[in-house]
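By written order: A, B, C, D, E, F and G. Residues from 1 in each chain.
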Amino acid sequence: MATKKVTYKEAITEIEEILEKIENEELDVDELAEQVNRVSALITICKDKLHKTEAEVEKILKDMNQ
Amino acid sequence: MSDQQLSLFELQRQVKGSLDDTFSMPVWVKAEISEMTVNRSGHCYLDLVETEPGTDNVIARCRATIWSYTFRMLKPYFETTTGQVFTEGLKVLLHAKVEYHEVYGFSLNIRDIDPVYTLGDMARQRREIIRRLEEDGVFEMNKELELPLVPQRIAIISSPTAAGLQDFLDQLHNNPHKFVFYTKLFPAVMQGNEAPGSITKALEQIFEYEDLFDSVAIIRGGGAQIDLACFDNYELAFNVAQFPLPVITGIGHDKDDTVIDMVAHTRMKTPTAVAEFLISGALRFSEELKELEKHFTELVNDQLEENKNRLNDAADQLNHLVNQMIVSQQNRLNIARIQLANRSAAFLKNQITELKQLSTETRNRTVRYVTIQNHQLEQSGNKLNFAFRKQVFKNKSLLQQFQNLIKFRSIETIKTEKKNLNLIQEKLRLIDPQNILKRGYSLTMLNGKILKSVQLVKEGDLIETRLSDGTVESMVEHKKLSDQ
Amino acid sequence: MATKKVTYKEAITEIEEILEKIENEELDVDELAEQVNRVSALITICKDKLHKTEAEVEKILKDMNQ
Amino acid sequence: MATKKVTYKEAITEIEEILEKIENEELDVDELAEQVNRVSALITICKDKLHKTEAEVEKILKDMNQ
Amino acid sequence: MATKKVTYKEAITEIEEILEKIENEELDVDELAEQVNRVSALITICKDKLHKTEAEVEKILKDMNQ
Amino acid sequence: MATKKVTYKEAITEIEEILEKIENEELDVDELAEQVNRVSALITICKDKLHKTEAEVEKILKDMNQ
Amino acid sequence: MATKKVTYKEAITEIEEILEKIENEELDVDELAEQVNRVSALITICKDKLHKTEAEVEKILKDMNQ
């Protein structure tokens, strides 16, 4: 779960790939916990990125309206 | 040839008299006003002409007068009816009395004017102008120009003294939205015959600074509504239509559009309307900008929201899918457990059935085996019976045959022997010499022996002849050999 | 005609010999009567044997089938 | 007829041999009765064996099914 | 003509010998008559024997068929 | 009938062999009872094994369900 | 039943193989109990793994939602 260098897009793609694998039952139960952890980590990363972006945008808009 | 000489006066009087006779009543005359003056006392003096159609060649001309009291009634009536100043250049239908004055000669005294004729003529002229502009292909040209989103630099063509101009400028510069407009006045005469030329000149000036302006506003405030004929001018319309900047008109009348209005980019009724149009344009743009900004903010927010939702969805989906997977696996294990139970039971049941079958089979086969053996023993018994009977029968037959044979052969033997004995007996009978002699044969004997050849006897030998019933003795006299 | 000890087979053989002799006319008429007598006696012996055997066997078979 | 020690198979073989001899007329009439008797005895022996076996088997199977 | 002890076979043999002699004309007429007599006597003997045998055989056969 | 060490499969194979022998009449009648007895014993062994297995399996399944 | 190192997938595969063998009667009766026991053990292993995974996943998801 170390790779924090993933882009938002890569993270989303990976999340979707894992979800699809789970859906298609391509995942072994043995791997499940690990993969769920991975998705969780990726979602957290994405949410962090989003929050950061949101704050930034808010600031820009505020600046613009003044 | 009348040699009667008349004084000029008399001649003029005779002409006057015949004209009076001929034109005792006023007549309706079509003519064009070429010149017109109104003197101090209010009398109107006109110079009327008729030109050859299609050219400017004058083919008739005469003076005409409208007396002041008539003129004072006719002029406003005409002008309000036609919306046109009663002035030079108009084509009119006049009700006039032909007059002839000995001193001043021929003239017409105008009693009435039919404005309908002039109206028709004006409309015809306007149609003509429009047709020409369309033929030239310029009629729509100005309309095809694109009005800048916010026309802020306005070239104004107007009379500097016009009341409407100041209102227009005030309205524009003091707009409540604080839009800034840059205006530059290009003065021009806005009525009368000079107007087209003057406006054209103003346009030419603007043309030189074309790049400095976004549009041209031709405005005329407050003036009488009857001065509009000057805007139905071909040359002016031709210039306006072809002008490289969009032209906005605000000539200030409510009636039919002038040709200038028609060819202009945008036609507003009054200068105020033009100002409002310009301000509203700016306002619209400003609102669009605001809208855009709002839209942009919304988009950004939407996207952020969407991404948040997507992540939340992913989390939900993860939860759901994992649960689903676990449930599915649990089901699978439960099914495996049930299958294990069922299949084990089925397996064992099958084995039991198989064992039962084996025991049934054992019974069947044993029974069959025993049956077959029994049958074979039965058969052996039958065979024994049969073979034995056959043997007995055969032996019986053989014995019978022997019996028959011994009978047959013993009888046969006896018969054969009997036959044999009879044969011998017969033979014996033939051989018995006694019997031969009895049949007439005789035996010749020489010296006690039977004579079998002639050569054995000589003549003179004594021979004995034996017959059946006795003997004869005789001497051989002669012997002869038989020929063979 | 005394020898009753002759077997069925011997009897048959003797019968056949005598018959052959008769056929081949090897028999003297003097012996004929005697030989015929002999054959007759032998046939009688054989028949007796047969009847006895038949009766005996019949009994056996009868017994067996019961 | 004493030898009861003969096996079923031997008995059958002997029966068949005797039957063949009878059929092929290899037997003297003098022997015939004796041999018929022998066969009869053998058949009886075999039948006895069969009945005994049958009963025995029936008993075994009966016991087994219980 | 006395020797009645001659067998049927001897008689026939003698008859045949005499007949042969006669045929070969080895016999004198005087002997011939004598020999003819002899044969005739022998024939009579043979016939007697035959008749006797015949009667005897007939009797035996008759007895046998009963 | 002592060999209880026979496996189920071996037992079944032996049963089938004996049955085949009976069918093909390769068995002497004298052996039949003995062989049927053998089959019976084998079937009993098999049944015992089956019952034991059944009980064992039932127990395992029961334990598993708890 | 010692090998707890099997993966979930391997366990499922083995379960299905054994079930198929039972269904196709490829198993000896002697082996059945042992194999049923094996399946039972494998199912238990799988369930344990599932429960563990479930708990783990639940924890991850809970942590993520906070």
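The rule we apply is simple: a residue touches a chain if its C-beta (ideal position, glycine included) is under 8 Å from a C-beta of that chain, and two chains touch if they have at least 3 such contacts.
Since we're looking at a predicted model, the values are computed, not measured.
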Top of the farthest list for subunit A, CA-centroid basis, is E
Expressed as a multiple of 5 degrees between 0 and 180, the CA superposition of subunit C onto subunit F rotates by 40
When centres are defined as mean Cα positions, the distance from subunit A to subunit B in whole Å is 44
Cα centroid separation, subunit D vs subunit E, in Å, comes to 66
Distance in whole angstrom between the CA centres of subunit A and subunit C is 127
Among all residues of subunit F, those touching at least two other chains are 29, 32, 36, 40, 43, 46, 50, 53, 57, 61, 64
Going by residue number, subunit B touches two or more other chains at 315, 318, 322, 329, 337, 340, 344, 348, 351, 359, 362, 366, 370, 373, 381, 384, 388, 392, 395, 403, 406, 410, 414, 417
Pairs of chains in contact here are A-B, A-G, B-C, B-D, B-E, B-F, B-G, C-D, C-E, D-F, F-G
Note: in the complex, subunit C contacts subunit E through residues 28-30, 32-33, 36-37, 40, 43-44
Seen from subunit B, its contact residues with subunit F in the complex are 337, 340-341, 344, 348, 351-352, 354-355, 358-359, 361-362, 365-366, 368-370, 372-373
Note: in the complex, subunit D contacts subunit F through residues 7-9, 46, 49-50, 52-53, 56-57, 60-61, 63-64
Residue positions on subunit E within touch of subunit B in the complex are 8, 12, 15, 19, 22, 28-29, 32-33, 36, 39-40, 43, 46-47, 50, 53-54, 57, 61, 64-65
Within their complex, subunit B touches subunit A through residues 293, 297, 300-301, 304, 307-308, 310-311, 314-315, 317-318, 321-322, 324-325, 328-329
